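Labels A, B, C, D and E are assigned to the chains in the order they are written; within every chain, residues are numbered from 1.
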Amino acid sequence: MKTTSAGLTARQIYEQKARRKSVAVATLSTVVVMVLIVILLPMTPGWDRVRSSFFDWDILAKTFPSLLSAFRWDVAIFLWCTPAIAFLGLFIALCRDARAPALFPLRVFGVLYTDIFRGVPVILIVFLIGFGVPGLGLQRPWNSPYIWGSLALILTYSAYVAEIFRAGIESVHESQRAAAKSLGLSHSDIMRFVVLPQAIRRVVPANMNMLVALQKDVALLSFIGPVELLRQAGVHKSLLANFTPYVGAAIIFLAVTIPVTRFADYLIAKQNKARS
Amino acid sequence: MKTTSAGLTARQIYEQKARRKSVAVATLSTVVVMVLIVILLPMTPGWDRVRSSFFDWDILAKTFPSLLSAFRWDVAIFLWCTPAIAFLGLFIALCRDARAPALFPLRVFGVLYTDIFRGVPVILIVFLIGFGVPGLGLQRPWNSPYIWGSLALILTYSAYVAEIFRAGIESVHESQRAAAKSLGLSHSDIMRFVVLPQAIRRVVPANMNMLVALQKDVALLSFIGPVELLRQAGVHKSLLANFTPYVGAAIIFLAVTIPVTRFADYLIAKQNKARS
Amino acid sequence: DTHCAAGKTLSPDVLTIATGNPAYYPWVMDDDPTSGAGFESAVAYEVAKRMGFEKDAVVWTRATFDQSIQPGAKEFDVNLQQFSITEDREKVVDFSEPYYSAAMAVLVRQPTIDGGATAELASLKDLKWGVMAGTTALETVNSAIAPADTPLLYDDNVNVVEAMKANQIDAALFDLPTALYLSAVVLDDGALLGQFAADRSENPDQFGILMEEGSPLKACVDEALSAMKDDGTLAAIEAEWLQETTGVPLIK
Amino acid sequence: MSILRLSNVTKSFGPTEVLRGIDLDVNEGEMICLIGASGSGKSTLLRTINLLEPIDEGEIRFEGHDISLPGVAPQPIRRKIGLVFQSFNLFPHMTAVENVLLAPSRVFKRSRKDLLPDVTQLFERFNLRDRMNAYPDQLSGGQQQRVAIVRALAMQPKIMLFDEVTSALDPELVSEVLETLLKLKAQNMTMILATHEMGFAREAADRVCVLDGGKIIETGTPDQIFNAPRTKRAKEFLASVL
Amino acid sequence: MSILRLSNVTKSFGPTEVLRGIDLDVNEGEMICLIGASGSGKSTLLRTINLLEPIDEGEIRFEGHDISLPGVAPQPIRRKIGLVFQSFNLFPHMTAVENVLLAPSRVFKRSRKDLLPDVTQLFERFNLRDRMNAYPDQLSGGQQQRVAIVRALAMQPKIMLFDEVTSALDPELVSEVLETLLKLKAQNMTMILATHEMGFAREAADRVCVLDGGKIIETGTPDQIFNAPRTKRAKEFLASVL
């Protein structure tokens, strides 16, 4: 094979051609599929009805601003729940890792806690705590559904986050602990300086995915009162008897969750690559 | 150190003592904590109210049979969704892995699919599909909320399961593919005989966790009509103005989810151990 | 200040009234309770006035149905949202005297009537029913009609109607004014198949104003309501906002 | 007679040039050892011959045809060129015999029953008869590598490539694998080995090539290379490992 | 003078006896090499000396005290006994100097500023001065192992244990680590090495112990062991690795 005048080898030229060809094929097949969808879908019998029920542009335009402003509640609830979840999750993870016999009740507590809160649907916890606890006779403002609904989310998610942290702690190779021990470091120093910093770093992507799930589950608070995005969409739906506001809500969720999910996927892929 | 007459070394005797001591300490501390809970809790001012609101034995006994019978719907929905999710999830995972240029639309479809269905709250998908599609003019029995609600779950969960499968496929070490390639096997044979069998085995625990999540999210179908466990508990709650039926529902969920979660955790731990 | 509610409200000199989110026609017109238009809105302002709160001393808030009938402290002084008075609920919240006795009406779509459904219990048994969960309508369906298929349950009116549009259910039971509104406005081909009269002895459905358990306002509200009944104001409001309902056949 | 001829083979990963003009002529029945520091390009070279990596420039002639030409279907070539890696060779979900049977049964479309006698004989020949039904994790590292060699042989390759097949093994297990290689040599198999086992290269190789920075800086008989290296880099490398 | 004396050290993992009565006497300034097949118990022996594994029977006397007695606090002992593993030694989230500073700053409660001059000197001594602020993954394998050695030395141990510190390294990197060990020997550090590097053991060890099945089957000067092994197992083992 000789280098040609353009500075490209015959192979590179061939590959360029092949690449151009495959781009062309890909474009063509994509266009064909798109055209089929765009032409065929409106030909289905119920299309008009579905379009006006789910994709009514005027309704979307009219309701979108209020949806956006309701979404601020989701964001706010999310923001105050996240640190609490991280903190509580780490605490529970450490409970489950406690080894001294006197701490046995802590370990049992950790196990029960994660079992219960991972085992019951979030929505049930939201109902139980969000409706139930304020019903015990708390006075305003301490009976706010924002407080107790958020607590329900915090309790549930910290159980998942605790398990993630625990997996992180266990994923730190035994020989790291052995190396730290062999230097004469104490148990707590080993956990604090050697194990946790590595564990927490490793579980960042998994925790990002939990954040996405949390962001979506904030919507469940709407069932106990707070007028956040989902409830606002539901109100519009009820008044307009049209489901387009739900589509608007879905768009808002996607705008937040896709980038974060993607970023988490990217981090996980990077980590897997670094590990292999 | 000498072996004693009982056949135990001094060290073993010491360790036996230490073990006995730590069991004693653990038991003692657990008992103390339990006693504190049992004695102190009923002394709190709101205890009577909590007990009658959440733990009313009569109400539990009265409502539990109907809760159990509603739970059969959860089980049934779960059972017919699971195979569909596994199948669709694997298909989407393979779509995302498609490499030929003519399959580019499939790849795009796979990406869009997982992004959308992982990004929107399940409850929204349930509303949109459960009410929307039957609205196209389907006749009974094809417009049943059981069918379309299940489809909503299937679509959502297969997006997650697809990502799990994809992670499994990617976790198969590159050199396994290389070894298969070097033997002259074709692309599809490599996927079928070498990659997938390993990938699927590896993601069993992760998929078990998805099953637990699915079992819990079946409850969301109640929002479009079906009277399953959560709805049945809600009805009792509204009419009796008492939260005990929710506690009953939580107990039923826990009875199913804890064993499965535990089993999945055990499998994951075993896998991690085998890998390190 | 001499009126009986003085000092008993959440915020001094202001009466906080809750309604649903959204609030439905004809109980509140255009989801705007402050207009005084709509039956419950009008009743609320009248009751408030008789308790010593002029129009500008009334503040509206919103609360979901479930949220309102939970035990515990409330975010409102009084709440009108078509709450049916029941014994179980009386244990955890307080209700005023009834301000409306609701007939319950069966909402269907025209094709169901064309399919042969009539206002007779036997015919109703074979329909597929949908009901709002958590309301007393469910008990009425189960006890009075006892349908062959278990009813499907929904969280709000529009979901019931949507299921009806999707042909997932044939019939739904609502209080008559709501049913009239849904059939006339929300459904293209809605119709009322029949009604259970308001003065029925079994499962009577009477709406009360809801207050926190042990609310000191209950006496004042009751006093205002009975005065309104006595001087015919309540009947006048009802006549103004709620349609004549005699056109709907009674269920046999 | 030359079975494989590389001329001016060049390969970059992005900006890093990994192979910088490799010329190599392999005769039938010859055993060639590639030695060189880590990162010098030994593995990459073997992978390009097996068409696992496309090359940028140059040509690879196998049985007279330029198999590096773009558009050449790789599968039929790969069957004739066996490749055994350092580790992760066997498919862990299949027994030894299933590992060996997979490729011939799929590629030649022959039934496993048909294939079994030949394959059993191969296992026999390499003293693995009694391990045929074991799963990879029930085999020692040395046994695993020998099964990998059997698997490649079952495709009846014309040439075998070995990429540091002993370097992941415990020292006591190295010799059994090296003996297997000697057995293959005795049967006149053409072989290219990338190896760190200098002792073995010295004793067994027909020719030794020293790679450095993606180039063959020296090639010759083991005697020439180990006793009288000509280039400075080769001298340094040999000093560091001997 | 004896600094470490093991008598009849016995250790099982469940049903498998891993150490079966080890007797070993280590004098100050001595360098002892443990050799033996994989699984013979070399690593376990070193780990028991560092109190990472409790023993079942026997005693371990360090500076005259039986440190294997149940109830002895392990931390103060471990400080005085440095241990370097085959790999995964360094804490990957800390730079080289942070790795080295962690233990002395926490254990001796001295400020990092206080410690820095001494530590810098250690880095200097082992030619790592310019790599002090690199993270482990920015270091070559050989550099990593040398930092691990520096980290152990920063605790001013009385004795250093090395567990196959070169076996995960590329061949060209082995020599720099072995040179470091020679440097330590020149400074009269007491050392026990488990190693597969027979050449090094032969040249550098004061004494070589051959382990087999959890027992020291032979011990003597390198000359005795490598040229005239007495036991049959030792002969076999040496034949397989030389």
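FYI, a residue touches a chain if its C-beta (ideal position, glycine included) is under 8 Å from a C-beta of that chain, and two chains touch if they have at least 3 such contacts.
By chain, with names taken from UniProt: A, B = Amino acid ABC transporter membrane protein, PAAT family; D, E = Amino acid ABC transporter ATP-binding protein, PAAT family.
The model shown is predicted, which means the values in this text are computed figures rather than measured ones.
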| item | value |
| --- | --- |
| Labels of chains that are neighbours to chain B and to chain C | A |
| Most distant chain from chain E by Cα centroid | C |
| Computed distance of Cα centres, chain E from chain A, in Å | 46 |
| Mean-CA-position distance for chain B and chain A (Å) | 16 |
| Chain D and chain E, separation of their C-alpha mean positions in angstrom | 36 |
| Residues of chain B touching at least two other chains | 49, 53, 131, 135, 173, 234, 237 |
| Interface hub residues of chain E, defined as touching at least two other chains | none |
| Contacts with two or more other chains, residues of chain C listed in rising order | 66, 70-71, 92, 162 |
| All pairs of touching chains, each written as two labels joined by a dash | A-B, A-C, A-D, A-E, B-C, B-D, B-E, D-E |
| Partner chain A, residues of chain B touching it in the complex | 21-23, 25-27, 29-30, 33-34, 46, 49-50, 53-54, 101-105, 108, 115-116, 118-124, 127-128, 131-132, 135-137, 163, 167, 170-171, 173-174, 212, 216-217, 219-220, 230, 233-234, 237, 243, 246-247, 249-250, 253-254, 257-258, 261-262, 265, 268-269, 272, 276 |
| Parts of chain B lying in touch with chain C, wherever the complex brings them together | 49, 53, 131, 134-135, 138-140, 143-145, 222-227, 231, 234-235, 237-241 |
| Footprint of chain D on chain E - complex, ascending | 37-38, 170-172, 175, 196, 237, 240-241 |
| Contact set on chain E toward chain B in their complex | 54-59, 68, 70-71 |
| Interface residues, chain D side, partner chain B - complex | 47, 50, 52, 74-79, 81-83, 85, 87-93, 102-103, 106-107, 148, 151-152, 155 |
